[in-house]
Each structure stands twice: as structure tokens, then as C-alpha cells.
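Supplied in C-alpha cells, the structure appears directly below.
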Amino acid sequence: MSPEEILKAVRDGQLTVEAAAEALRRGRFADLGHSRVDLDRARRKGTSEVVFGEGKTAEQVASIARTLLDHQQNVLVTRLSREKAEPLLQAFPHSEYHELSRIFMIRPYPLEAVESRIAVACAGTSDFPVAEEARLTAEFFGNSVDTLYDAGVAGLHRLMADLDVLLEAKVVIVVAGMEGALPSVVGGLVQAPVIAVPTSVGYGASFGGVAALLGMLNSCASGVSVVNIDNGFGAGYLANTINRL
Amino acid sequence: MSPEEILKAVRDGQLTVEAAAEALRRGRFADLGHSRVDLDRARRKGTSEVVFGEGKTAEQVASIARTLLDHQQNVLVTRLSREKAEPLLQAFPHSEYHELSRIFMIRPYPLEAVESRIAVACAGTSDFPVAEEARLTAEFFGNSVDTLYDAGVAGLHRLMADLDVLLEAKVVIVVAGMEGALPSVVGGLVQAPVIAVPTSVGYGASFGGVAALLGMLNSCASGVSVVNIDNGFGAGYLANTINRL
Amino acid sequence: MSPEEILKAVRDGQLTVEAAAEALRRGRFADLGHSRVDLDRARRKGTSEVVFGEGKTAEQVASIARTLLDHQQNVLVTRLSREKAEPLLQAFPHSEYHELSRIFMIRPYPLEAVESRIAVACAGTSDFPVAEEARLTAEFFGNSVDTLYDAGVAGLHRLMADLDVLLEAKVVIVVAGMEGALPSVVGGLVQAPVIAVPTSVGYGASFGGVAALLGMLNSCASGVSVVNIDNGFGAGYLANTINRL
Amino acid sequence: MSPEEILKAVRDGQLTVEAAAEALRRGRFADLGHSRVDLDRARRKGTSEVVFGEGKTAEQVASIARTLLDHQQNVLVTRLSREKAEPLLQAFPHSEYHELSRIFMIRPYPLEAVESRIAVACAGTSDFPVAEEARLTAEFFGNSVDTLYDAGVAGLHRLMADLDVLLEAKVVIVVAGMEGALPSVVGGLVQAPVIAVPTSVGYGASFGGVAALLGMLNSCASGVSVVNIDNGFGAGYLANTINRL
Amino acid sequence: MSPEEILKAVRDGQLTVEAAAEALRRGRFADLGHSRVDLDRARRKGTSEVVFGEGKTAEQVASIARTLLDHQQNVLVTRLSREKAEPLLQAFPHSEYHELSRIFMIRPYPLEAVESRIAVACAGTSDFPVAEEARLTAEFFGNSVDTLYDAGVAGLHRLMADLDVLLEAKVVIVVAGMEGALPSVVGGLVQAPVIAVPTSVGYGASFGGVAALLGMLNSCASGVSVVNIDNGFGAGYLANTINRL
Amino acid sequence: MSPEEILKAVRDGQLTVEAAAEALRRGRFADLGHSRVDLDRARRKGTSEVVFGEGKTAEQVASIARTLLDHQQNVLVTRLSREKAEPLLQAFPHSEYHELSRIFMIRPYPLEAVESRIAVACAGTSDFPVAEEARLTAEFFGNSVDTLYDAGVAGLHRLMADLDVLLEAKVVIVVAGMEGALPSVVGGLVQAPVIAVPTSVGYGASFGGVAALLGMLNSCASGVSVVNIDNGFGAGYLANTINRL
Amino acid sequence: MSPEEILKAVRDGQLTVEAAAEALRRGRFADLGHSRVDLDRARRKGTSEVVFGEGKTAEQVASIARTLLDHQQNVLVTRLSREKAEPLLQAFPHSEYHELSRIFMIRPYPLEAVESRIAVACAGTSDFPVAEEARLTAEFFGNSVDTLYDAGVAGLHRLMADLDVLLEAKVVIVVAGMEGALPSVVGGLVQAPVIAVPTSVGYGASFGGVAALLGMLNSCASGVSVVNIDNGFGAGYLANTINRL
Amino acid sequence: MSPEEILKAVRDGQLTVEAAAEALRRGRFADLGHSRVDLDRARRKGTSEVVFGEGKTAEQVASIARTLLDHQQNVLVTRLSREKAEPLLQAFPHSEYHELSRIFMIRPYPLEAVESRIAVACAGTSDFPVAEEARLTAEFFGNSVDTLYDAGVAGLHRLMADLDVLLEAKVVIVVAGMEGALPSVVGGLVQAPVIAVPTSVGYGASFGGVAALLGMLNSCASGVSVVNIDNGFGAGYLANTINRL
């Protein structure tokens, strides 16, 4: 019940003040002991809760997944190791697992497709897993995604040759490690919002992606914003949000 | 001339190969010696070049501004000190200066207004200058902006009371210093994309905004992306980009 | 009105559903445009809102102070420069200002005194301003405070001589810069909770208090927790909270 | 013998000056060669010495444990790997081991129970091991603990629904990784002292818990102090100290 | 076709405007799906594209190598693990692998040798792998390299004894971990440009090569520039560039 | 006397063993008490000693300058404030001072000019002072320098239009602040060695040039090396060294 | 009274148990309110307490100085600004002030001179103030000091020429900024213990002396230890301690 | 031959100028290809070269050891893994290996013993391996060492009880992890020079020993200097140097 519905029920004598106060305080969630699954999220955010797989046991993930499915919500689990994914693949008939990107999904419920497109570009072949995490996330929520991989600034013509892919997208995700310069170059060329994803690809003074992160935060191009290092999920999610506007 | 126009001129014998090669290499910009003003940006990005005022002399800013005006483009200068702004206010009749946010603008040319709205929230009164830089930037490009200031998480009801402002916006900017928790809370409540702006407000282990920046990059809420510390301009610009989709 | 009172008013027909929904959403605060003064804080936290003076104009501070006074709440402003304090001292008759600690206060309303005592120790004479900020804050809320200043570990007998001051306190604040070792030594000797405050006193590899902060976070003594660098206010506030248990 | 008892013995001729000087210098501890077990701690701190398991061999831990038991003190070992715990479980009849939190304990001696309660909240399911370390520590010392797990700020209603748990506690422990925003939100809602525990849960720019640590140190809420990253033990210990006041 | 050739073809009616526009946008590269192999690099940079082996599968490396060989370009792969190198050694007849330096190469096509020489010095025996990566890279491109290993500043006479090796080189590479002082000393003695390579050799406050990197960036000697930590390849490549001037 | 000359003098009985031992130990320098001017540097490095102006008094700089002039060496002083430059401009007739770049020089002695050219590019107008320090340094040593200023990656056509300037240089200096992406782009396009100079231009997470520095150290383009932040002098000096090869 | 004297007095009935307990707890110090001057330090450490001038008022320093003089102890104040030094120079007849090193001293009481010598070397003229702080401190305590200034590694012969100064010292202090390589070179040449002092001389990636500090901590030479950045006093003090062994 | 001997040989016609020049340039070392063993070090430093075992193969260590033994020098290898130590223990009859401290030694040649003593204290049982590395190093060079382990500041009486051990030593090594406070406390109590060794013992914000390192560098006690994190060898070596003065 929404607050308004609760108040109406109070006014109409269908609910005592005590029960209403309790209902107002307590939103919609399922308490599994170890987790409080946010069943209200789809109403608030337009998407069901996504499960962060790291640091949870396979059993915990399974019970969360079951709860979501029971409430007619699709299931997306990120950062799930192969080891934990295997029992889940067994347990859930129509589930799928993408090992490189550590993405697990169960999608029995249909989604409204969006017509406009999302583009994902990445700077090097080594950025592939993060770029794919972004692509899979965006597709999970019903988007169509075009990709342009290995188009780093050391050979700009590789980007220019397929610039149309980026120019025609409603929102562009750019994934890069090392110096993270690609989002600045793309940001100078396209009108669409650019979501920059630094990756931990590199060594030495890349400091696990810090160099790329700082490069993106200091981009001289406008229309660029940044998510956490290796956070392909976050970029894919945000791209869905923008693509549905 | 666009590449296609150049090629047509070559085909039609109106341009020599040498002149065409030169024209292909050389885009549209004005070379002022100290600066190469990007006159092509409006075509590519939908907005004219914005001038970063720091580290430029008042004379340099003036000549860039004049070049833009001569090409029918409005002028936005960020991070301009009062000292440098004064001669510019004298030199350019319809200019305006916002001291707190260090924004200078000249807007003789009309902009197409957007119907959907942008919301700017900030956590504390001390975040005001950055929040205003975001608001002024978004308005410069023709957007309508609603504000919700001093709504930090230490007194959540101050946010909840006017949550409608955020729920009704197409894109939300959230500005916060110290621990930078507000974007996470807002990101959990709204469906619109959230642009988080960390500020350098704080002391000690805030390290000039690093604490807020890291907090925002690690946000547990989805749909949040981040710009540089104190980069109100970047947030306002990106909000315009998204709001016009 | 509390949620329960609102619900009763709805039940009794004294409030429409719409007005009640609005009232539920909107807590008690005063919207001054630049600030949303949290008038509900005294109910929730047992203390009125404290004003962070940095980054606010004297006018803003004055209007916040007036709002609090109008609602029968005492006023504590931290990190207020002398420059801003002067007009406020003029404007508010019974106000006082402590320049070293940058504390400004107006206390027309009586506070319930606590019998148990708080102790504040500091390692060096240079930590004095932060130690005093802690003491003044604790006294503002009605506590009695004993001090033991300049008792650093390079001459332990200076601490041992007056250890009774610490042993008799209900809660102990320990302020130290440089290597920040004093809280560990005190934490090994007393049973009371120890609130450690790192200061930015030092140079070179003290990195503005980081060395002391890390030292305190890694304390080998138990019963020690830490607040931000130079955050004497935070320590004094927390000490009041604990002392009133 | 306390210093006073030694002095009386000297006065009464029961102790030579030399023996007294030695006794004054030498406190109560057991020298095991590798370790100097502090047998005096219970008198000073109200609790026996707790053993940091990391970097010690199982044999060293066993001999320390035996020493404590011989002196009528319960044994708590933190950060003990399963590998080292196994021989200890065999060797000590009534011992118990909590693998997730790496806590080992032997409690033959009764503790005086406290009536007031401690609450432990955590932001995500992945923070569980640290939250449990805090809970087990507090219970080891005789406290009753209530828990509220997986109540992060991305779905605030999950916290609000059971806020009573926090409002009724004498002291609240809040455990969070990623951006570490939960202590600020809780600190804005409760009157009790809040002990914030950052965890290393997260990735990329969480830097092993640094983001959460900085967020908590810069909390805009009052009454919050912080312990080391993943230091559930430290929080549980301090909570006991405060709960017994 | 170069832009000039394309334009001539348009002028001469051999190419339509549309085809020419496409050709201008699209440079020379081979799109393997996972990678866009830059076949134009040899023309632009004078050397074929070098493959960064980390984060690529053996299959991906093999297909890139085959593409390069098909276009008459030698193959250099850096940072390739033994595990991935083995199938490649099988697949490519005249390939070689240097395990310590993780360098893999196939060189069927002859290179123009350079007469002037490159010198590689390193500070300690533990810097050997990085020094060898530099040497092998420089030799891959046709240079002759002299080495002077284990000549750290703690025993300067070991350097002085063979200073001629450095004085006679056209460009000098200096590899050092720990405090990274050797490039400063060499930079004070030779006229040739010095390329400094910090290594991750060391422990504690060497922070994985940061100490050496900072030391080299702050060198008081002139004529010194720096590449990334452990980047022997980058130094060898740059030395080739300079040696061929 | 060179070591060989000293030995010959000993053999020929023109020098005692004691005097020779002293002469061998003692190189050519002038001891001014506060400074030991390295008069031997021109022989070793091909250039006279350059004076770091920061942290020296005007008197110290003057006496060093006089010493160099007395030994037929030109004088270059870097990072000299206007305040200190003024008395020096008075004292030395043919001296010149460049305030923006804080460069002071006296050049009475002719230099052998080099035919090949150096190019200096910078990303933004605000990088001008550092770019000029590089240019002035290179010119001081007898080089001809071409410049290409304000050619950042947000508007790549501004770079492409005058790429010839870079393609025709024997060595290229690229100066950039913020994300420091320009050297990567240039490094992908030119065959000459690229000396990258990060500048402290930027704010927030640029951390005084660290973002640009890391970006350059992690450049995905080959043939790029890096000097210290804002070290235009170092780049100009190294460019001279390479240009003279 | 020493503990033994107190015990004898108790045995002999000259002291009550209560007075003795108090005397045992309370060492020798003078409580000035703001400071607890450690009068016992000369007995324990062989030197009187040294005053850290930063963050103390001139009045506080004066009263501490007077206390020390009253107890027959010489006065050394470090890091005292000229502004604070002036009234002190007036107030104390035989005082002296060294502005560059910010050292203030009053030495009415004679010191036992040491025969063996201390050497202080520094890398550049800009390290002079820190080197002088070390020299003045060592001389204050009665040592003879030889200096060797501006002998950085970019011109090693300047060091070699006067190596005797270092070889003949009982302990060597080496002061250096920038890359801080000099202590490693000296440590490889002398048998005496080397105290390395990093200075904040440098810019950009020197990070206020961090580069030099890390370089020294990672020195490949043996027999080197390090004090805080710019801590000339600490080095001079330790040199005195060692020189008197 | 020393330089003086070479010169005399030249004077006496026993050495040509060319041979002498070569001999002057070339000191005493053995070139093993991978290593240049510094045979001159014993003359310069009073001790033979010590071998850093990390990053060297067992074969390399063996050949270096043999070279040293052949030149009548004892062999000390630090940071040698058990895996590499085993073949060496087989190969060298009178060798010994200390696994915890990773120290390997062969000592066929007698050392002159020193009468004065060295003390090693450590804060916790977990610091044992580093403390032992210091003790074994000092003993290798002929010193007598007393130890005082597990005497951290959380139970100061454990230190005070055996303070005599420290008071009677000529030089004191203090090893500590976590907050690293013990050297400050010891430094306040003893007159001997204190060598502080930070260890990587701790977790979370100890950052692998950085907290302890910073604590020690910022020690408020005088007479304390610091070596690298976990550098027990460096402390033992320096203690030998000082103890032999």
C-alpha cells in the first residue's frame, strides 16, 4: 500500500492507527535473515534489485533469486564466480552465465524493448570483459546495443572508420584502461552523453585503474561522466536509464 | 565545408586536389595564436565551446569571447576571478558575472528552450557555489532548473519533504561534500539518471573532496555517475545533454 | 505533529488525506532558502542543530542563529573566522567567541547538567586549539570537563602524575598530532571509552594529520575510536552523548 | 601488590628497598618468551587481554590461552584461520570457533550480564562477517545484541521498518563497505553513540575499504566515531565498554 | 590509399563521392571482431603494431600474429605468460620465447640494421628481467645493444669501470628499482639521452616501484626522461626511435 | 687536467704523487661556499650547468652567474621569481627575463645552431607557461622550435590541421594538463620521439598534475617518455640532446 | 628524588606512604598550565627538553624558556618564525636567532665538548636551511661540525673532491631534496652511520619531499637511516647522541 | 691497488699510463655476468657485501656466495625463500638458514667481537620475524644482542619491568607494526640512539606498514631514526655500525 492508500484506509476505518503507523514505517521487502530483498525497487527505480554476487554464498544468491522470481522480477547477478554459478545454473532452468564478465541471469518475464540504441566502445582487447558486462547489463533491461571494440587512441583511424556507430546512439559507453584517453576523444566528437568506465587493465603506475579513472574525471571534453573502476554493470544500468528517457 | 562538400567540389572541378587535401585536414577553428577557438564544436556537440577561465589572461578571454560572438555563438566562461571579470563586464555590454560561482556569460543569441526540467540538490549550505555553477550552466543552455538546497542525510526529512522536485525532473544533479552520501540516497529514490558532484567542502580526511568523490564512485545505488570534484559546470553541461534527448 | 498524531487526526476527520500525506512527508524544519534548519533534531538527537561556520556568510549564520533562538534552541557555531564572528558578537547580546578554537555560542536556554565528568588530554601545547574545541563543545551541552594538557609520550611521567584525572572520567578525549601515540597509551591504562582526535600538528610526513589519524585507527589498545582530523567538535559532541548515558 | 601495598611493606620492614624497587618496576605479566601476557589488564581495563591471532603460530596461541585460563580469565582470539583453529578446538574442550568471522573463544568463567542492549546494523549481505565479529565480541563480554542486516541506503525503507531496534539500543554499531553512507544516516536518526565500522567490501575505487573509512570520518552526522577497516572486534569491544557505563 | 590518392581518384572520376568519403573515414586495419589490428602503423610509426599479451587469450594472440605475418610484418608480443606462449611456439615455426622477460617474437622479415649502439644498464641483479625486456625489444627492431648489469650506486666503481659502454652509446637505458638513483648518476656523466625505467624491485616503502619512479621523475640530472614502472618494452622501443634518428 | 693528463705529468715527474692524488679526487668546480659550480659539466654533458632559481637568494644566483660567465659559459636560470630577477636584470647588461615562464638568461657566447627542428605542442591555453619554458630552453641551447598551441583532444581537427609541424620535427614535446591525453594521440601519429610534459593545470582530481602524469606514464602509444610535472625545462633540455644526435 | 631515594626515605621513616606514592607517580616537571616542561629529561636523555616553536605563542615560548633557564638548562627552540623571535631576542639578553633555519637559542650554561666530529653534506644550495638546522642543533649540544654543501649526484666529482670530510667524521648527516639519491651514494662510500634527511625542495612529483623520503627509505646502501622531511633538528640531535657514544 | 699505490707504480715506471688509467677506473669487483660482486666493500664499509636474495635464482646466489668465500668474506643472504635455501644448505657445508626471518649465512671467517651490547625490542609477538632478522644480522657481524619481545604500549608495565635491557645497550632497535608507537615511548626513556623498524603487521588502514612508518617518522621523541618497512636487516646492520664506534 502506498502512503495515500494507507491514509485512506485509516480515514475509512479499515485500518487502526497502530497498524497504519507500522505499515507506513515498513516498506515492501522480504527479510531472508541474511538479506532484505527490496521488492519495492521496481516501483521506485523502474528495475528490480540487482544482486552483487561477491561476498555472498551460492545459497544466499539462490534464495534471493527465488524471492525475486516469486515476485515476478527477473534476476541479474553481477561478479559471480564460475564456482558459485554452477549450482545456480543447475538449480534455475532458464538461467545463463557469462564467465568472462561474471554475469548470471534468469529472465522469464518479458521486458518492454526500447527503440533507440546504446553504443559500447572499448580501447583495447583487454578491456573486453568490462565492456561485455556493460553490454549484457543493458541488454538484460531490454536495450539494443552496438559495439566498437579495440579502438584506442594510438590508432585513431580505427575509431573514425566506424564513428557512425557512436553518432547514431542515444547514449555512449566508453571503456578504457591504461591512460583512459578514449572517452575524451569520443566526448569531443559525439553529442550523446558519454559514460566513461575506467578498467584495471595496465600495470605499474596504472595503479589498478586509478590512472584511467583520474584521466576520465579530468576529461577536457564535455558531456562525460564516470563510474567506478571496472564497473561495467553501473554503466550499462545508467545507459538503460538514459536510453529510456 | 563538410568532407562531402569538399569531395563534391573536387569532383566538379571547383577545387584542386591540393586545396582539398588542405581543407580536409584543417577543420573549422580560429587561430588566435594563444588559442585555437573551436568554431566547429556547435555542429558536433550542439553547443559552442565553453572557456575555462583559469590560467588565461583577461585579454585572452576577451579575444576568445569576441571570436565566438563574431560567429554567432553565446559565451560561457567558467572559473573566472572577479579581478579578471571586471574589465570584461566593462567591455561586453550585456554580459553578467556570478561571483560566488565564478561564472561569466554573454548571451545575445536565443536558445531553444527545453520543456522537461532539471533538478539540482545539494547537501549543505557550503556546497552552494558548486550547485549554483551547475544551475547557471544548465540555464545558459536553455534549461529550466529546480533547486533543493541543504538537504543532507543528517536530517533526511528535509529531503523527503520536497522529494517531488526530484521525482519530477528528467535528470537530477546532486552536489555534496564531506562523506558525499546524498547521491546514494537520492539514487535509491528516483528513476532519473543522477549526476553526482563531489565538492571540496570539509576538512581533515576529506582531502579536498576525495572522500566525497570516492563515496560517489562507490555508490551502492544504481543510475549514478560522477564528475570531477567541484565540477558544477560539467554536471550542468551533461544535464543539458541528457535533458535534450 | 508526529506520524501517530497525524494518523489520529485523519481518523478523527480533522485532517484530509492530502494534508496528512503532505504533513507526513514534510518534517519539522525552517526553509531559509540557503539553508533548511533542522528544528526536529533536538527531538531526535537530544541536541539542537550545530552550525558549521566554514563556507557560510555572516548573514547566513545570523539568520540560522535567529531561527534556532526563535525555537528555544541554543546556538553553537564551529569553525567561524574572527572576521565573521565580529558582526555576530555585535548582533547577539549574550554571545561569546573563542578565537583560538573558532567557536561561537549563544546560550540563553538552560541545560540539564550531568554529574559524571569528561576528561580531555592532549599531547602537546600545539594541540591546544583542538583540545579546547572539544572542551568548549562538551561544556556547551552541559558537561563538566577536566583537562590534562601537554602530556605526550616523550615524557610519560607527565601523564602518569595526573592519571587520576583520566581514571575518574566517564569518557576520555585524547588529542594528539605528530605520531598520535597518546590514545594508545591512555587506552592501555583506562577503562572508560577513549575518543581519539588526530590533529594536523606536525610537518613533513605528518601529511596534515594523516600520520596521527592512521596511528589512532591502528591503535593496539582496545576501547579507542577515532574522529576526523582536527575534529574537536565531533569528539566533544560524542563525549556528551556517552556522558549522558 | 599495588604500589601502595609495596610501600607499606617497605615501611613495615617486610620488604627491602631493592626488592621493592624491582616490584615497583615489574607489573603483573607472564613472560612466555615469545609473548608477555598482560595479566594485569583485567584490573586496569575490566576485561582480560584479547589475542590477535594473525602472525602467531597455533602453539603460541595455545600457550597464551592456557596462561589466561590458569589465571581465571576467559579467552578470545581474533583473526584466527581455520587451519590454526582446528588443533585448538581439539586441545581446549569447551572452545568454539566461528569460521566466517575467524573468532575463537573459550569461556569457562561467568560474566556479569548487562541489561541494556547493543544493536549491530550492516549495509549489505557482504558485510556480514565483520558485523558478526562485532556481535560475537560484544556477546563474549556479556552483552545482549540485536541485529539489523542488509539495510543499505539504496533502499532506506528496509532500515526505517526496523528503526526501533536502533532507537532502543544504548549503543549502535553500523558496519558498511562501498561508500559507507549508512552510519551518517543512522547518526542522523538515533541519540545513542554510533560506532562506525568500514569494511573492505567493494572494488575499484573502494581501495580496500578506504572509501568507506573516509566517508565515515567525514560524516555530517554527529555522535559518530570510527574504528579501523574490518575491525568488528574493536567495535564490539568499545560497545561493551560504553554499554557497561 | 592515402587521402591524396583518394582525392585524385575522385577528380579522375574513378571513385564516387560516397565511396571516397567512406575510404577517407576508414584507415587501414583488419577487424578481427575482438581486435582491430592497425596495419597502417608501420607507415605512420616506422614499426608494426606490437601486441600487449596480458588479458588476451592465446587464440586472440595467434590470430593477431597471423594477420600481421600475412601483411609482411614481424610480430612482437610482450607480457605473455609461459602458459599462453607454449601453443604459440608450436603454431609458429620460427618463433622464440624469453620466459624471464615474457617476450614472444616471430621475425621472418629482415630489418635494416642501425650502426649506432644502444646501452642498457641496470642497478641490481633483480632488475634483470626488465633490462632484458628492453634489450630484446631494441634488438627486435634491428639495434645492437651493449649491457652493463648490477652497477648500482652502493658501489659506484662497478659503474665507473665500464663507463665507456655508456659514453659510446647513442642512447642509454637505465633500469633500477628501490630508490632508483642510478639514472641520476648516469645522467650526470653522459651526454646521450637517458631513458629511465623504474622497476618494482624492492619491498615496504618501495610501493611496487613508486619510490623508484618518483626518484627518476625528480632527477637532478638533465637529459633524463621516464617510462612506466617495469616498462622495459617502452624503453627499448623509444631507444630504437632515437637510435634511428 | 683529465686523468690521463695527470698520469702523464706524474710519469714525467711534473707532479708529485700527493698532488696527483688530490687532482684526481678533485674535479673542476668553483666552490662559492653556498654552491659548488660544476665547471666540468660542459665537457661531460655538452652544456653548461643550469641554475635552479627556487630556494636561492638573488645574491647567490648572481655570484653563480658571474662564475659561469667568467668561464665562458652562458647562463640559464629557471624558476626565478620576478622579485629576484629584477636586481639581476640590472646587474647583467645583456640579460633577459620571461616572467610567465620564470626563465632568466644571459647569452654572450655563441652556440652552434642545429638544422633539424623541435616541435612543441600544448593541449590548452593554460599550459602556455610550461610550453614556453620548454621552447625557451631549447632555443637557449641553439635549436629552432615550432609551436602548435591549444590543440587538445576535445577538438582533434585543431591538431590535424597542422600535423605537418609535428611530422617534420626531429623530436616533439607535448605539454598537457587535465587528463594528459594529447601525448598518446600525438604518439600514435608521429615517428619522432615524444617527450610528454604533464602540467598542474586542472582542479579537483587532477591533484596538481598527477592525473596528467599518470595518463602519460600509461600511454598506449609507443615512443613516449615523461618528465616531471611542469618541467618544461627538462623537456627542452632533453629535446636539445636528441636534436643534436 | 629517584625511586630508590624515595624508598629509602620511606624505610627511614622520613616520608609517609601517601607522600611517597604521590612522589613515585609524579616525576619532575613544571606545570605552566599550557605546558608541562619536562625537567627530568636531562637526566634521562642527557639533554634538556627542546621546544617546538610552531603553534606556540611567543609568551608561551618565553615562559618555557624561563623555566628551563631557572633549572640550569640551555634553551633550544626550533621552527620559530621571525615574528615570534623578535620579542624573545629582546627579552633574553644572550639569545641568538638564525632566520633561515628558524632556530632560536640561549646558552648560558657550558657544555662538555666532544672531540670526534660530525659531517653535514647537502645535495643542493636550496637544501641549505635544513642542513643548517642540523648543523646548529649539533653545535648547540657541543659538537664540532664540518660541512660539504651543494654536492649532488649530477656532478659527483664535487663530492669526491672533499670525501675526506665525510670519511673522517664519526657520523654523517646527508640532506637532499628532489630524488634524494645522495645518501645512497655516500652510504656506499663511508663506514660511519649515515643519517638521511629528505627535504621538501623540488616541485611536481616531489610531493613536498615524499620522493626524497621514499628514495632514502629504499636506499640500496647499508648503514643509512632516515628522519622526517625537513627535520634537520632530528638529524642534528641524533648525530649528537651517536657522536657522544 | 689503492689510487696512491697506482700512482706510485706509475712514478716508478712499473705501470704504463694506460694500464694505470684503466686500474683507476676499475675498482675491485668480480664480474659474474649477472652480478658484479663488490669485493672492495669490506675495505670501504668494514663489512663484506650482503646479498639481497629476492629476485635472484639459487644458482646466482650460489655463485655470488662462492665468490665471496673465495675472497675470505663471510656470506649473509637476506629474504631467501626456503625453496631456494635448500639447495644452498646442501651445497655449503657450514651454512645455516633461519626460515622465519628468511636469513641464510655461511661464516667460516672469524669476526672481531664487540663488547658493548645491542638491544632489540618489539611491540607484539607478530613482529617476531622482523625483530629476529635484526638480531641475526647484528650477531652475524659479531655483536651481542639482548631482546625484549611483546612489550607494546597497550601494557606499558611489560616494557618498564625490563627497561634495564634497553638502558644498558649502546644502541636500541625497536620493531613495531600497527600504530608503531613503541619507538616514541622508548625514545623518551633511553639515551642511546633508537633505530625504529616499522613492520607490515596490521590490517585495514595500516596499509602494509605505512601507518607504523609514518608514526615513527613523526615521533615526538628525539634520537629516533627510521629504516624501511620490515627492514630488520637494515636496522641490524646500522646497529653494528654504531655499536662499533
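By letter and in written order, the chains are A, B, C, D, E, F, G and H; residue numbering begins at 1 in each of them.
Just so it is clear, a contact is a pair of C-beta atoms (placed from the backbone, for glycine too) under 8 Å apart; a residue touches a chain by one contact, two chains touch by 3 or more.
Please read these numbers as outputs of a predicted model, since none were measured by experiment.
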Neighbouring chains shared between chain B and chain H, ordered by label: C, D, E, F
Equivalent interface positions on chain E and chain H, same or different at half: different
Centre-to-centre distance between chain F and chain A (centres being mean Cα positions), rounded to whole Å: 49
Separation of chain D from chain H, taking each centre as the mean of its C-alpha atoms, in whole Å: 37
Chain centre separation in whole Å, for chain E relative to chain C (CA means): 58
Gap in Å, rounded to a whole number, between the CA centres of chain B and chain A: 26
Of all residues in chain G, the ones touching two or more other chains: 25, 124, 154-155, 188-189, 204-206, 210, 213, 217-218, 222, 228-229
Pairwise chain contacts under the document criterion: A-B, A-C, A-D, A-E, A-F, B-C, B-D, B-E, B-F, C-D, C-G, C-H, D-G, D-H, E-F, E-G, E-H, F-G, F-H, G-H
Residues of chain H defined as touching chain D within the complex: 124-128, 149-151, 154-155, 157-158, 160-161, 163, 201, 203-206
Partner chain A, residues of chain B touching it in the complex: 44-47, 50, 170-171, 188-193, 195, 213, 217-218, 222-229, 234-235, 237-238, 241-242, 245
Touching residues on chain C, where the partner in the complex is chain A: 3-4, 7-8, 10-11, 13, 17, 20-21, 24-25
Chain F residues touching chain G - in the complex, by the definition given at the top: 25-29, 33-36, 38, 40-41, 49, 52, 54-56, 60, 79, 198, 200, 208-210, 213, 228-231
Complex contacts: residues of chain E adjacent to chain G: 123-124, 152-156, 178-181, 184-185, 187-189, 202, 204-207, 210-212, 214-222
